[in-house]
Each structure stands twice: as structure tokens, then as C-alpha cells.
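The structures come next, written out as C-alpha cells.
Paired with chain B in one complex and with chain C in the other, chain A is shared by the two complexes that follow.
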Partner chain A sequence: MTTARTHEMLESGSSRDSRRRVWDRFMRYTALAATIAAIAPLIALIYFVTTRAIPWLDAALFVNNPLDKPSGISNAIFGSLQLTTAAIIAVAPIGILAAIYLNEYASQRLVSWSELVIDVMLGVPSIVVGMFAFMVIVPQLGVSAGSGVVAIGILMLPIVIRTTQEVLRLVPASVREASLALGVPVWKTVTFVVCRTAFSGILTAVILAYSRGLGETAPLLLTVRGTFAQNWFDFGTTMNAMPLTIYSYSGAADSRTIGQAWAAALILMVMALALNIIVRARTVNSRVA
Partner chain B sequence: MGSEETTKRATKGTTSRLTGSDGADSAAPDTRPASTYALELNNVEAFYGTFRAVAGVSLKIAPKSVTAFIGPSGCGKSTLLRVLNRMHETLPGTSVKGETLLDGVDLYGPKVDPVRARRLVGMVFQKPNPFPTMSIYENVISGLRLAGVRSKSELEGVAETSLRKAALWDEVKDKLHQPGTSLSGGQQQRLCIARTIAVKPEIVLMDEPCSALDPVATLKVEELVRELAVDYTIVIVTHNMQQASRVSNTTAFFSMNEQRAGYLVEMDATNKIFTNPKEQLTSDYVAGRFG
Partner chain C sequence: MAFNLTGSRSLLSPDRAFRAIALTAAVVTAATLAIIFVVLVLGSIPALTATALPEFIAANAGPIFGTVATAIIAIAVAGPIGILAAVYLVEFAPKRLAIVLTFVVELIAAIPSVVFGLWALNDLSIRLRDSVEWWVASSIGKFIPFFSEDSGNPAADSVFRAGFLVGIMIIPLVVSLSREIIRAVPISLREGYIGMGATRWETIRQVVLPTARVGIIGALMLALGRALGETIAVTMVIGGSNDVPGSIFQPGSTIATRIATTLPEASEDVKSVLIALGVILFFVSLGLSLAMRLAARQTAKITASVK
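Then we have the complex of A and B:
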């Protein structure tokens, strides 16, 4: 390359150069604007929910039921926890074992097929699951917490399976080989080596599913419907839940009821957020090997 | 003399450790002559699906010796090594033909449980693979603990002897409860060796155990290999010919035929393979002319 050419290339600014810079800037600020547009509604949502809810947050809210004076949403808070906890207890062992089977034992063919089914299940709108539960489960168990548990469980199951599968896949093959080569039987390798290595991730999968189940509304509307009474552990009758409270209180005429809807929304949001933060923190800390 | 009797008893031990019958339930005492070889392979072939990766290998390995498997990449050395502790079959679609005798007992016999075979024939892998969620101590005793040994004193004793034998004790004795993965690569590999010998195998297989290590760590592992040969029969796969010449008594040279199946070219005393091999192919390989 000659010196003349170097000079020409580097130093003779052309109109094309400035046009390019304009486009660079244009792209950059358009993308920034889009990012702000994406975040703004989220911020607004958090702002509205928080400011509207805070005036109504008092002790009565957490300990009293709707018909008490002063009224509260204790039955909804503890109803949601009972429903979601019962569902996760029922679903987590099944989901984890299914994921273990698919990842450690099943043939590739079966894995592909079941992954297709699980993906479909993940994509089923929750109202469809709710309708299924209403048509098939409610006639058996009645409008009750039990029916709600089944519906929420159906929605949680694919999340548990899928996430556990991903976590088990992260366990390096060399770990399984090391165990087998020590003369450890396959079942012990799976239980005490693979699952132990992936334990933190499996717990994360369960928390993730729990957080999803906590906010499900549609299936509860069709199966549990809600009540003003406090229900402790009687899954044969109806129960209240936070999404149901939010749904029925939002349209109310008096400011106290509407305020309690905001408060329920905030509590639900904080719970889901807290669980998601736990999941995030865990996934950062639990890199396998 | 007593030595023949000892070998005979050793054989019997191997049989019962392989098949799980502890002599009491077998009516007749094992009177088969003791094998003078730790391992004897007759026409062994290994397959991945229909692809034959190892073709007709026959060889004999003397007890308490170091045997090196050398040869170009893809010549089936590692596959053959994995045949020797029944790890080959853990991959889907694989199969093995021929006879693999461990102390005269067919490793692939109908009564042999692969789990037992692997307790007798331990394996150290190319990349150090300590269990990531276990401490140094837990790693060493993992094989025993998972085999059901509960006694704390026994486990602690085995942990110390194994770490001593693996020349790692002095470096880790004060941090036994730190994660195994906190060690350096060379220490991790010696930890894996300690873990392997903790289950008291007869044979230790090593699949390029130094290829992920720096020269100093390599030297330490090589020293260790020679020390271990006092108690164990060692088969080591290596790409490094200096390593083969440094650590082994016997060297087996493998190559690939036209169908890409690995076969044994020749096996002889290590110094003979490196100075005066019978086959031209071997002398070309050890001189660095191919592979």
C-alpha cells in the first residue's frame, strides 16, 4: 500500500462518512427509544400497584377475613399458599421423576415425543386447562380446592419436567462415567451422584413452578370460585385465593374493596418477584462443574 | 511353594468378586488353574452400532505391570480400554465380541454383573472428573460409600491410605472437607486416582490421564503410575510416546485398517518397541513418521 493511498483512505473525509455517522446515531437512539417504551409500562405497573396498595396495607388485611370488621384478605393469602403448596407437593415428585426417566433412561425416540407433548402442555392457555378441570374434574371433586389443585398442578407439571430436564442435562457425562466406573449401580449413580450434582437446579425448577402456580387465575375461577370464609386444609370445599380476590374486588364500588384488590395485587406481585429473585440468585450460583 | 496357592486363591477371589457368589453357595471349590495373566484378550472386537471400532485383538497382560496402549488417534485404544471394565456398553448401541479374561474369568460371562466388573477394574479418565458437589474426602470414599460401606472409621482409614498411595495426602490432609474441584488439575487427577484405588480394584485403567495436565503435574502422575504398579495391574492409554517409554514395562501398538477398525500391530517389552520393533509400521510410528 502506498503512502498516498493511506492518506486518501484515512484523512479525506467524504459525505459518505458523515451519512454513516448519522445512521449510526439514528439506529442507536431508535433502539434506546424502543427499550424505554418496553420498560415504561412495567415501571408504571409497579408504580400504580404500589402507590394504590400501600394505604391499605395494615395488620387487619393479613389476619382478618372479608366479613370481619375491619375486613381483610387473610383467607385469600393463605388460600393461595395452600392451593399452590398442595399442587407442588403433588406435582414435584412426579415431574422430577419423569425428568430423570427422560434424561437418564429413555430412548431418544421417546424423549423427542415426550418433549413435543411437554412443549404443547407448556403452551396450553390456562383457561383451557381450567375448562378441562371444570368439565372433567369438577364433576368428580365438586367446586372445591381439590379441583383447583388438580388444575394448577396440570399447569405446573410441564414446568417442573422441562426445567429439571434442562438442569440434568447440565450435569456433565464425565460425572456419570466417573460414578459408573467406580462400580456404582446405575440407580445409585442417578440418585446420589447426578441428582446430587443437580440438586440446586432441581430446587430452582420447583420454585419456578410454584411461582407460576401462585398467579394462575383462570383455572381457579372455574374450579374453586372463592369464598368469604377462611378454609384451613379442607380441600373438599371451596377456598379463596388472591387472584380470585383481585378478580372479584376490582369491579367493586367502594374504595376499601378496590383498595384491597390493589393490596392483594401487590402481595401477589411481591411473592412472585421474591421467588423469581431466588431463582435468579440460585441459577447464578449453581453452575455445575 | 505357597505362591501357586496364593495365585489360586486370588483367582477364586476374582471369580466371587465378579459373580457375587461367595464360595459358600457354589458346591465345588474352584479348582481351575490360576491364570498367570491379569488380563487375557482373545479376538476381542468392539462395535458402535454396526461400526467395528476394534478388530480381533488378542493380548495378554501380566499382573502388577504397566502396559501402555499407543497408536494414532481413532485406532481404538480408548475403546478397547473401556471394554476392559465394561464401560463400553454404557454407550447406546455398543457391543463387544470375543473373550476378555480377568484372572481367567470371562468378564462378559453370563454370571458377571458389570457393576462388579467395574469394582475390580477401575478407571481414570482423560479429564480429571471429581464429583463437583463433593469434598475431597467425600470424593475419595464415594465408591465405597455408594457401595454401602457405613463405618466411619473404615471410610476414614481408606481415605487416608488411598490419598497416601495417590501421593496427595500431604497436600490435602488439612483441607479434606473443601470441594474436590478446588484443587489444581494435577491434584484433581491424583484425587481421581485415589478415588479409583479406594474401592480396591485389581486393575487400574488410565485413559490418557495426563493429556489435560501441565508438565510438572504430568511427571507426578507418571511417578505415581510406577509406584502403583507394585500393587495394581495398570493399563495406560497415551498419545505421548515418551510417557509410554517412561512408565510402562510393556507396550502395545495399535493402528487402523482400511475399514477404520483398530487392530493390534504388535505388543512387546517397551524398550523393544521403542528401539527394535518387529513391524515396520511400529518403527515408523515411534520414529514420528506418521500418526
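Then we have the complex of A and C:
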């Protein structure tokens, strides 16, 4: 934008316009203030969570679970990782393949319809998906980690599809044509040429979905419910997750319990922010290519 | 890009197999959505047929009021701040600063809702109680009971605090959507106006924002849909009272918080009512995201007609 030149023109204008210029300047600072107001809560939150959590961060937090020794929340930390990892393992292949189908094979009409449907799916509140899992999956799998994985998976699916579709679209048609012209079969062209080119972007899609899944609370409340016990890879029984710990410890009066909620919040926040920063750094790089 | 597969002859060719696998994945996705849709609609029928809709709404006035009130407060907070921030980022900020600020604003969206809830419960709520709530309650609240507060014993949780928190949480959504829309306004429109001697703000006020208006309204609708469905952070600060509160500074509940806190232990009757409420939430947010898409298409038409 030609900010500097606009400025020059304004400065050389006649002085009777000074009121307009003052107003212009005033609105510029108002807009700046709005931007600061948008960012301020983030800074307040990060500061508050970090200062509250640091006194409670120690190795015991990651080793002990409340059932054995009350000094840790390993059940929640590793529960979250297990739930989210299981969900992404289940959903990433489906999402990526669905995006490949839509981008490489489907007709234009189907693509625009699917975009509408995926947009709608992205907008469905997570509590509604949790409610669906409660109505359909919980009667089958019980109140268990498995039900939670399904609920989180449903929430991750549209994110994987949408982001993957967007990166596949960026792969130039000439790349596909070159491969096909060399006699490479279509499926090899798609997997070894198109997906290879878009690999970094597909990884971004998976990381974004993972980061979203880590923070989901409401659906877990209806499907997994949480437990004090440490659960390793038994998806048939309940498990715990960091969001559930934060939620159930949040109103505690006991300083250690609330301290552990802060610690869990810090761990969760750092993981979510780190994953998002990695993703953004990657997209900046891939735009150059 | 659609591949023509007439070349592969064998039914068992890898090409066909791969295509079939990809198609299966797409069908699984579509089927999941269809199942969700059908299950929710069927599940809501018992409650919605048992009572007439007006009675149903009257019986659940508390959560419905709370949902609408928090969403309106959220939009009142996030709308002006988000749109002005988007204007700053596109029109005023130096390019480098704009990149950094956009990045930071978008990070807000990455923070899990439950972390927002924990922070609000222990920090934001108390600040709001001692500032905005107190100012409003001790001025306007003296005449309008809807904004009043027991000054000696302010409520521990309130609808207003929940709405304000949701407002903070949807700011990044408002900013990024409005930013896209404002950026799509053709530069020639701005140049024409500036060339006639308008100041930067006059250009924004009289050219950019009117052109982007439909799109920005769409962005607000999408943000409204997000605000209506926000669950866990709201649950943590709204207080969980089931009745319509006498004042927005009193505890309340929303559809989402009711579902999250009472569905697992609910009796069959209550369960079907909660499901019906959830389905209403589902359709409202669905309608809002469709409205957003229509608005986006409209804006694209306006901007394209100028180029």
C-alpha cells in the first residue's frame, strides 16, 4: 500500500482540512488500540498461567498418578497423548485419502458440494459431536477411552480434509502431467509425486488436527469422563486427559490440587502453542517453494 | 484435476484399487456426517413432539436465554475490537508489524478453551467483577434491574463474565475473517478515493467498509455460531443456575453447559430434552455457517465486478 505517498499528499493539503486529519489520526490510533486489546488477553493469560504453574512443575508431576501418589497427574498427561494419538492415527489416513479423492478424482460439482459440507462440519459445536458420541458410541463402547477417541476423531476429520485439500490444490497440474507423460500410473503419480510434493502441507494438516484434539474437553466429558488411575493403552476403560483434570480441579480450594490444574494448563498451552508455531513456520517456508 | 481412468483395463489394477480406497475414505466421511445428522434429528423428536414448541421454549427458558445473552455479549465485545483490529492490520500497520501482529492474534485461537476457562475463573472474572460489572451496576443498574448487582455480595459467577470471555475467545476468528474480506476490496477503489483527496480513514469509512459490509456481517455470523456452541470455558464461569437470571450479573447456564454438565446422569425425559436443545444448537450454528458462505459469495461478486 502506498502509505508514504498518501501521507505526503495529506501533509501538503490545505490547513482547513486539519480537522479531518486529526480525525484520521485519531481513528488510526483507535484501530491500533483495538489490535492491542485483541492481543492483551493472550499476554495476560500466558503470564498468569505461567506464574501460577511454575511452582508446581516438577518430575513427580509426570511420574505419579493421583491414585498412587497425589503428587502427579501422569494419568492426565499420558492419557491426553494416548487419546489424541489414537484419534489421529485413526483419522489421518481417512482424511488424507478423502482429500486425495476429492482433489484428484472427483468432479468439480462434487468438490464444491463437499466444501460446503466440510465447512458445515467445521462449524458444528464440539459439544454437539460429544452429544452424538454419547448417544451412539457410548452405548456400544461404554464410557471409555475408545468412545473419546471416536468423538475427538470426528472433530479432527474435517480439519485434516480441508487443510490437505488446500495443499493438494497448490501442487501445479504440470507436475502431474509430467509424471503421467512419463508413463507413471495414476496411483503412483498421486502417491509418489503429488503427495510427495505436498508432504509438508499434509503434515501441517495432521499437526493442526492433533493440536485441536489435544484441547478438546466437552466431548471427553460426555464420553471418557476421566479417572484417577493410570491407564496404559486400554481403550476399553476410562482414561484421563489434561483438559478433564483442568476442568475438575479448577474450582478446588486445596492449593496443590489447583496448582496441578495450573501445571496441566501450562503443559497443554505450551504444546498447543508449539504445534501451531511449528505449523506456521512451515507454511511460511512452503510458500517460498 | 480429475484423472481419466479409461486407460486401466483390469478390474484389479492398482489404479482402480487406489481410487476405490480413496473413494471409500470419502464415503466414510460423508456417511459419518449423515449418521450424525440422522441420529440427532431422530433423537430430538420425542422431546419436540411431546410438547408444543412455545411450551418447550418456556420450559427451557434459562439455558436458551443464557445462550443468546452470552453470544450477544460476546459479539458486542469481539465485533468492534475484531473489525477495528482487522482494519488496522490491513490498512494502517506497516507490513512487517502486520505480519507479526496477525501471527500473535491467530495464536489466541490455538489456546484450548479449558485453559481460557481456568484463567477466567481465577483472574478475568475477578477483574470484570471489580471493574465493568461494578461500573455498570452502580450506574445504569440502579435504574434497570437487568444490569443490577448485589454490591455487598457480588455473584461468584455471571452470564456477563461468560459472554465477555467468549468474546475474547472469538476475537481471532473475527479478525482473520474480516481481514480476508477487507483485503479483498480492490485497491483501485481505495486509490480512486484517496486520489480525490480523502484521508485514509475517510477511504476506509466510506469505501472499504461499505464494500466489505456483507462479508463482515457474514464473519460476525460465523463468530456468533462459534460463540453459541462454546462449552467448557462458559461452564467454568457462568455458574450453572437453570433459571433465567434477574440480571446479566447473576449466574445462568447455556444449552451447551447444560448438556456438558447434566447429560451423563440425566433421566430419560431430561435426556431427550437436552438432546432436543442440542439439535436446536446444531441447526442454528449450521444456519449461521451457511449464511457466512452466502455472504462470502456476495462479497466476492461485488469485488469481482470492480476488478
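One rule holds in what follows: the second predicted complex is superposed on the first by the 269 of 289 C-alpha atoms of A that agree within 3 Å, B and C clash if a C-alpha of one lies under 4 Å from a C-alpha of the other, contacts with A are read in each partner's own complex, and residues count from 1 in each chain.
In the analysis below, a contact is a pair of C-beta atoms (placed from the backbone, for glycine too) under 8 Å apart; a residue touches a chain by one contact, two chains touch by 3 or more.
The shown structure was predicted, so the numbers you read here are calculated from the model rather than taken from an experiment.
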>> Looking at the superposed three-chain arrangement on chain A, would you call chain B and chain C a clash or a fit?
In response: fit
> Mind checking the angle chain B, chain A, chain C on Cα centres after superposing, to the nearest 10 degrees?
Replying inline: 110
>> Quick one: is A:T197 in contact with chain B, with chain C, with both, or with neither? Answer first, second, both or neither.
In response: first
> Does chain C touch more residues of chain A than chain B does, or is it the other way round?
Replying inline: C
> Just chain B (first), just chain C (second), both, or neither: which does A:R225 touch?
Replying inline: second
>> Looking at A:I89, would you say it contacts chain B, chain C, both, or neither? Reply first, second, both or neither.
In response: neither
>> Under the stated touch criterion, which partner chain does A:A265 make contact with: chain B (first), chain C (second), both, or neither?
In response: second
> With the two structures laid over each other on chain A, which partner does A:L182 touch: chain B (first), chain C (second), both, or neither?
Replying inline: first
>> Just to be sure I read the superposition right, which of the two partners does A:S126 touch: chain B = first, chain C = second, or both, or neither?
In response: second
> Who does A:S211 touch here: chain B (first), chain C (second), both, or neither?
Replying inline: second
> If you stack the two complexes on chain A, which partner ends up touching A:S174: first (chain B), second (chain C), both, or neither?
Replying inline: first
> chain B to chain C: minimum CA distance in the overlay, Å?
Replying inline: 5
>> If I apply the document's touch criterion, which positions on chain A are contacted by chain B in one structure and by chain C in the other?
In response: 107-108, 185, 188
> Can you list the residues on chain B that touch chain A in the complex?
Replying inline: 85, 87, 90, 92, 115-120, 122-123, 125, 127, 129-134, 142-143, 146-147, 181, 192, 195-196, 199
>> Quick check: in the complex, which residue numbers of chain A touch chain C?
In response: 1-3, 6, 9-10, 13, 20-21, 23-24, 27-28, 30-35, 37-39, 41-42, 44-45, 48-49, 52, 93-98, 100-108, 114, 116-117, 119-132, 134-136, 143, 154, 157, 161, 173, 176, 185-188, 190-191, 211, 214-218, 221-222, 225, 243, 246-247, 250-251, 261-262, 265, 268-269, 272-273, 275-277, 280
> For chain A, which residues count as touching chain B in their complex?
Replying inline: 107-108, 172, 174-175, 177-185, 188-189, 192-193, 196-197, 199, 288-289
>> Applying the document's contact rule, which stretches of chain C touch chain A when the two form their complex?
In response: 1-3, 5, 8, 13-15, 17-19, 21-26, 28-30, 32-33, 35-36, 39-40, 43, 80-82, 84-85, 87-89, 91-94, 101, 103-108, 110-119, 121-124, 168, 171-172, 175, 187, 191, 194, 197, 199-202, 204-205, 222, 225-226, 228-232, 235-236, 256, 259-260, 263-264, 274-275, 278, 281-282, 285-286, 288-290, 293
